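For reference, the structure is listed below as structure tokens.
Chain IDs A, B, C and D follow the sequence of writing; residue 1 opens each chain.
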């Protein structure tokens, strides 16, 4: 069974990662890679690691792309640049996975608040499904418009959703540590190697935009959260370290039960065992290049203070991997198809 | 004015940093560098960057060292290995700065609890001064036995002491991010480059041993604190990110006042201005190779949740720099003598 | 079609990489992973990234391993520690791929010279095939004892063999730049993160041991070569930069012909096109995590001075990847089976 | 004795390094830091590590700067942007150290060839002195217009000049390995962290522009040289690895004599001893943050093939450090004034 897919925003970092995954995907065939600025240029000029996989393919212009029949399209476009293309494809009956932020928030008022402007196609917000298969597998499978997921949001939600379900959370002070690929492929002062390397830049004290997704998906009140961001020396990788306070002292078994129940039957979501203790809290390096998210926690002896750590590869599980996972579901394929590679470690 | 000093534990990382500082110190002269295992070997074989500064000097054995007259001795020895040497020197009337953990805690009961054994010379705990000149300048100046300071403890204390003085602190969940030099010069599985590089290893969930010093020096109850440790990709550097909750809503001005008052007249302790906002929370890179500790904070709009970030170079301000600063005071020199170099950035 | 394989030296770095490849291999099943020191311990304690792939499997002791039926065994043991095990297995009729240096050199005299002692089983040297499938595909396919290949040797040979075949080479001054994983999983002073990171340590001026393999496989006289080694900041990766002098001025077309002919039909060996010029000389990052070796060259306008650059992932193409590729051939499988993943970039 | 100096191009990387050095310089006082685009902005916004040293100083515009009396001016401007300012200052009688490439080449024809256009003020080329004090101390001391030195050129010249003086050199194939700060402070695709980090990008096969300086200063014919460039994972640092062929076999003592003679009495130029062998070839890390250049060599047993390795900090000895050293000489100060700090290691 094989489907034809297109990738928009193919010169960028999420776009390149989609091309990489699709290069080895047994059921999906890239029929076009779209770029306004690089149309006609070989794909591998931007993605030199993919030369052998796309030796001849060149970028299509948006206009050309629209004429190429596809079953599903991935949009790896900037925020606010995706929704029009998405609507266009939807009107042609093509399934869409949009990795931008345009369809993540269900509530137009929340969209306006966090993105600073009214949504251009609020009618579509309703039908769009939040594309985290670990929470919405069935809805995704039956949808034709799926939103991608913020990389930090993915990490936070997968770390906290099982806990949220217990009703025990009193406060969560999250700290997200992120690699340089999170900012995409465009150079800036902040991403300039001499300044970016080995930095520990705390660039957002309390309220990163992805918090909106965490609130929506955990169902917990905003007031419980802060979300601090630190840029650290990684290329790929997001790690959440959440300092949680519970409403009342609990036994660890309660937490184990919640995490095991949530992750059961989820091929890309797992909880680190308690032993050995030095592997209890996951390092993003242990999932590098894979579609897996690992979660670990330690409960303080007071039964109230809890540390939750989660880790994923922001280009895979945090973006393109989840997008392909969603596409698999939307097309009736195995959820894990093309995504089952083991992490590369040490790297 | 020139004094003769000896450095014990001179092959190690704090020892090497002492030798580096002293190489350019206008008033202190290294008369011997001590190593049990490397006696007779040139210093620069372990510290190749110092070849031009110590072209001929070889390590002395401990026995040889004891016969060399010195005004002051720096002990950069492992925990539990320092106190006997310290006592020995004190009995000869030589001033001692001990960088190990042996004399940091004033209370023998606390020592026994955090270090897992009774102290060997509890009588000396009383006379030893905690060697953080930002808090104990006068006591250090009049003392002959000064303890070094834990690198993480230094960072945490300098970040939190002004806040502790306000009486407003309800809880502090600290997260300390540390470079690889913190573990010293001995290789281990954890420090093996393929495993250590780019790691985000959370190796202590709640209660790092340096917490004992933070409790002692801030005077806040232990129960208020947790202290989480993450090993990150740096060689030098400690950064504390403290998620603080205050007892009641405050105005930011209250905090500014406390921090300004504490740091006033302290040459190596400074607070980052509120503007520009992207420089408000300090990066350890901005103090690399220097003896400075920078602190920054942001108060949540609720007036209760507070983020405090502090940063220093663990080998300098977190160890050997503070030790020399203390020695300067003990010998009646300028506090900043030999320590006024600007940070190296970008590096 | 499925075969049972065992991995010896499974705690080490090449062992871990074998386990990683085999975790996703469609035709090979790991029936035991052997470690003298860690018998009974779960594999994933050493290889945390593989927890989901080997959730229950524990290391077997050597004795236990010998009783487990296997079709083929991979030996990722230290030099001089492998040949006895190899002989043992061969006597039982089990196919062997030995990643150590024990069977790389065909000439016992050369072995003695480069390894500093007589070979323990010289009779087996004759039947062992040098396991670089790009040069010896047919011999490997019909052999039962295949030697692994030095990572640096692989990189150098794949970079230079096409050139050697032209008879034009007058001298080759190779420089090999290597990542930290090349030294394996055991910590040492040299691999200690504070010392190893960002180093540019030239650790061998002229004659690395792998030169013996380069001489053997290119057939060029030893006197033509020097092989300088530099340890650089990578975990995975080898890059050869060869400053070649040709015997007489040539046209570039002669070189293209030689390289194209050599690499044609070789799935893991490719030559970088001349355009775009900034991608003409390969970076190890572009093959990270993959089994590919890329080669590029630029001829000086004098037609005599030539720069050849080759790059591979030392744990994959330089060790475990080539080993699995050889095993595939020995077992009659597709050469590329389990090895066709695209590189992870950027990472 | 104190002199007033100005720094042009002060927002850039060499400019920042000048400000850093001058912050601790006992005899030079920064009276203005010039930037066209950032006039009126505090210096430390671009150079956050220097906040405590320049708490109030803001950038001057070029026009303002011209009205501020100074004894000497440092120009850290882009190539082709410096000569007019230099001429302007010279006409006012102010001494000039120009770090750009505008006055490095003595021969206008060579300038035109390597920089691709005619020089704007060829008359000044004659009077400008090439600012490498190790070769031109006396000329610099008596000059009022001194050119800075290419960072790669500095490294190569200091590595090779002693050898050139022997008349023994038959060919030199240099390979220069450079950190990311070499490209300055402006972001680009190539300097974007995800792409730049851990790269081994060979970006120039044979003829980097700095080769022109090497030819001029060693006096060797161009045809002897190639100069290959590799971008590696460092921020600061240049290392030259030169594969030299001598005209005839020599004894090592001949080389030692040449190197010792050349470096004698040169405070910032030293040769690594032959023992211990693992420290014989210098790592840029061992001079990080200092103004020192270390050189090492190993002669092949054939007496003809020679490996020369040199290392320096490109922002210090390769740019701003040499510039201050030259200024010291021009102003009659100690050559080492403000430059005698020991390297920071490990960092």
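Convention: a residue touches a chain if its C-beta (ideal position, glycine included) is under 8 Å from a C-beta of that chain, and two chains touch if they have at least 3 such contacts.
Chain labels with UniProt names: A, B, C, D = N-acetyl-gamma-glutamyl-phosphate reductase.
These figures come from a predicted structure and were not determined experimentally.
Peer 1: Spell out the chains that contact chain C while also contacting chain D.
Peer 2: A, B
Peer 1: Report which of A-D and B-D is connected by more C-beta pairs in contact.
Peer 2: It is B-D, judged by the count of C-beta pairs in contact.
Peer 1: Could you pull out the chain whose C-alpha mean position is farthest off from that of chain C?
Peer 2: So the chain farthest away from chain C turns out to be B.
Peer 1: Centre to centre, by mean C-alpha position, how many angstrom separate chain A and chain B?
Peer 2: From the centre of chain A to the centre of chain B is 40 Å.
Peer 1: Using mean CA coordinates as chain centres, what's the gap between chain B and chain D in Å?
Peer 2: Chain centres of chain B and chain D, defined by C-alpha means, are spaced 35 Å apart.
Peer 1: How far is the middle of chain A from the middle of chain D, if each middle is the mean of its Cα atoms, in Å?
Peer 2: 45
Peer 1: Two-or-more-chain contact residues of chain C, please, as numbers and ranges.
Peer 2: Expected reply: 13, 181, 194, 197, 235, 283, 285, 346.
Peer 1: Which bits of chain D are touching chain B when the two form their complex?
Peer 2: 13, 16, 20, 23-24, 45, 47-53, 181, 235-236, 270, 272, 276, 279, 283, 285-290, 292, 340-347
Peer 1: Enumerate the contact residues on chain C facing chain B in the complex.
Peer 2: 13, 179-181, 185-189, 191-194, 196-197, 235
Peer 1: Using the touch definition from the top, list the residues of chain B that touch chain A in their complex.
Peer 2: Those residues of chain B that touch chain A are 173, 175, 177, 194-195, 197-203, 205-206, 226, 228, 230, 232-234, 237, 239, 241, 243, 278, 281, 283-285, 298, 300, 305, 307, 309, 311, 346.
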